[in-house]
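One structure follows; several queries about it will come next.
Read from first to last, the chains carry the letters A, B and C; within each, the first residue is number 1.
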Amino acid sequence: MDPQMMVELGALTLVGAAALIAGVAEDLESDVGSQSNPNSQVQLAPQMGYLHRLYNKAISGEPASYPFYAAIGASTALSVLSVTGNSGLIGVFFALVAGAFVTSLIHGVYATTSYMGRLASQSRFGQPIYLDVLRTHTPVLMAHGFVANFSVLLLSWVLIAQHFSPFPFVVLAFIWGIALGGVGSAVGDVHLGTDRYYQDRPYGSGVNAAHSGSVVRKAESGLRNSIDCAWFCSKFGGPLTGLGFGLVVYLHFWKEVVVTSWWSALAGVIIVVIFVIMNTYLERYSRQRYGTYKEEAEE
Amino acid sequence: MVWFSLLYWVWIILGGILIGAGVHFIPVGGAPAAMSQATGVGTGTTMLAAASGLTGLIGAGSAYASSGGNFAYTIVMGGVSAALMISVLAFIANVMYVYGAGVPLASAKVKYDPITKWRQDLYVSRGTEGHGTPMSSFISGIIGAFLAGVGGALVYFALAASYAGISGFNATFGGYPAPYYVSLAAAFAIGIFFLNCVMASYNIGGTIEGFHDPKFRRLPKSIVASLVVSAVGGLFALLIVVMLPGGI
Amino acid sequence: MAEGERSPRQLLVIGVVGGLVGIYLANYLNSMTNTAWFSFFAALGAVLAVFWGADAVRRVASYGLGTGVPSIGMLSLGAGQVAVLLGLAVAMNLKVHWAAPIIALILAAIIGIVNGVMARRVIKMNIAIMEMSMTEIAMAASLIILGFSTAIAGGFAFDLIMKYVVASGFIIAVFIVGGMAMLHPFNACLGPDERQKRTLNLALSTGFIAMLVAGIAAGAINGIQAAVPTMIIAIFGWIIYYLRFFADTKEDAAAVLSTGLLPKEEEVA
């Protein structure tokens, strides 16, 4: 193994680890805020007569808000770097921290506006705005957002520094932000939407469309808040999102580092085929293990 | 007078059509998918296509730079990178459905899966339109992401190859390592990508399961829209070459 | 249109005139004084364009687009950035530097009309104001991109924008931050009791946040001269309009409670 590849694989490991952390933090952040897909249930609940104390953060979907944060963070980091002029390791580190910090402030502001805006636009259903929900949840989601954004900025910076991508820093962070949001809303949200919001319904089936909006509003003790949801989703939804985004980023560059030229296209195709085979087994397993919902009708 | 290569314009238009067509293949469950109420990956049409297609754009950008502008390699890497992204995404989402929500993967739009021939309707839970990404939607998603990735890579290739010819566009600015032409081509490729995938998602209007979904028959309308939209967008982007005969 | 609302035409004038005046002031005051102190005018112009664009998004998205509100912003910003760069290049080629923002605006209108016609006539979306809205949003998007780009670069000459905004990658930050500022207000206030005044106050507040980001990015290019005035004005503007938005929220919401249990059913009218 040539030394260049060793260095690149080392960098890639760091990138993959950063992506994993980004995925976990991203999903938990969106669970605290009820962002993206399950937001539709929180939005619907007051209309169906179920008033709640959940957060309602609609800063678009996750795949639109994460590139937004990433682009702000990357621009801030570049600006800080140009002011300090320190492009050594420690200078870059603090620039990225500054980027993620400014982002988390803007994230918090946007989150409060969407909570207040959405609930004020539902006044005819009598949904009150709870300022203590704003005060307790907003810092939590800012903190998770900070971790997620710092990880995205870090991985983009390593990719640029190691010449994995010719794109500018901001553009690369933007695209990985979209991918992160895509994975987060496709994977982690299912745990929140299907399981956590409908824990009073039988496990092991989709949510009947007739029950849409009747989210669980009472907790083990007192009323349910969205921080409880993050606690619940951190057991499975968050880590799985992290695994997903980590694999996306790692495999994307793995195929270009380990083999080069046309072989990397072939490696990509082989990985896709492996995932198709794994999915076939998974699908068959789920069907055999869980069985059918209805008896087969006579034909 | 410098004129832009007509071939590059054709590639941008073709790329736009492929992006629009690819969006129709990608199984999108939208918001209901998160409640296991609809088959497909749980994100909006536009952003799921963008998430996979733009990951493909990163692959295409690296391939373009490393191969010195090899056409075939750039577009194939764009397509493969996008397909890889969506296969990982859909598989992990399926793990979530099976182990996190405890539902089998099933579609309510067809009785038998066109690829595996497995019975579907019995596995759909009450009051839902299916859940997870079963095999034919999975394959459809990979095809769709491949098309969208190839489309994005075609747009990027055409723009990068055109802009690389402008004198002064190979320069870099200060400590920023990206040359002018790479930055401009990447920014416009993202813009033209969004133009086409938003048009396609308006055409779909909500959720789609893949090539076996009845909504898939709306594809021709989207192709016309993509053709016109990317022809205008591509023309505008390429006219920059004409407007800068002496470079900058 | 309810009592006390701003009409679309009024907002169009505010957006176009405000946006252009801001961009011109920034460019010519900067070049006359040979500094970057006046860059903030362009960002202020862009904030007015956000104000207008947010209302255009509000009008079209209240019909229901079939997919999220953000899609139309993404589409228009994508179209807008192509139109802006081509507009600047045309002005450079024809040696009419002063006309660059107007050319960019016209090109954006053309691309917006094409998108609108495609969406309405080919895709057959049943939204009567589709063409007009797409055109307005694309024009607002072009002013937003040009305004914030001018604030970052200090002027709107093609080579300046190319070097300082595109090559550094800030163009994508302008794209998404400007787009978010325009589409977030309606998306955040979505609901049956949405009210124009509240949405537009929020639009100004998000517009000033975008201006803050433009100010930060300008710091990387023109240093303190461009960054400090832009950021200070942005922060003050944001505070004013955020507080106004908060006041509107208090007025509109069913109740604003500091804490409490869920209201009983008989308490909900």
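Worth pointing out:
To be clear about the criterion, a contact is a pair of C-beta atoms (placed from the backbone, for glycine too) under 8 Å apart; a residue touches a chain by one contact, two chains touch by 3 or more.
In this text the structure is predicted, and so the values were computed from the model without any measurement.
If you sketch which chains touch which, every chain touches every other chain without exception. Between A-C and B-C, more contacting C-beta pairs join the chains of A-C.
Centroids of subunit A and subunit B (each the mean of its C-alpha atoms) stand 20 Å apart. The mean-CA centres of subunit B and subunit C are about 27 angstrom from one another, to the nearest whole unit. Counting only residues that touch two or more partner chains, subunit A has 61, 64, 78, 81-82, 167-169, 171, 174. In subunit C, the residues that reach two or more other chains under the touch definition are 68, 70, 74, 167-169, 172, 175. Shared interface positions of subunit B, i.e. residues touching 2 or more other chains, are given as 30, 44, 47, 50, 176, 178-179, 183, 187, 190.
Within the complex formed with subunit A, the subunit C residues making contact are 68-70, 74, 167-170, 172-173, 175-177, 180, 183-185, 187-195, 198-199, 202, 205-206, 209, 212-213, 216-217, 219-221, 223, 227, 238, 242, 245-246, 248-249, 252-263, 265, 267-269. Of all residues in subunit B, only 30, 44-47, 50, 171-174, 176, 178-180, 183-184, 187-188, 190-195, 198-199, 201-206, 221-222, 224-225, 228-229, 232-233, 236-237, 239-240, 242-245, 248 touch subunit C in the complex they form. By the touch rule above, subunit A contacts subunit C in their complex via residues 43, 49, 51-53, 58-61, 64-65, 67-68, 71-72, 74-76, 78-79, 81-83, 102, 106, 109-110, 113-114, 116-132, 167-171, 174, 217, 223. Listed in rising order, the residues of subunit B touching subunit A in the complex are 30-37, 41-44, 47-48, 50-52, 54-55, 57-59, 61-62, 64-67, 73, 76-77, 80-81, 83-85, 87-105, 116, 118, 122-135, 138-139, 142, 175-179, 182-183, 186-187, 190.
Across the interface of their complex, subunit B is touched by residues 65-68, 70-72, 74-75, 77-79, 81-83, 85-86, 89-90, 92-93, 107, 110-111, 114-115, 118-119, 122-125, 158-159, 162-164, 166-169, 171-172, 175 of subunit C.
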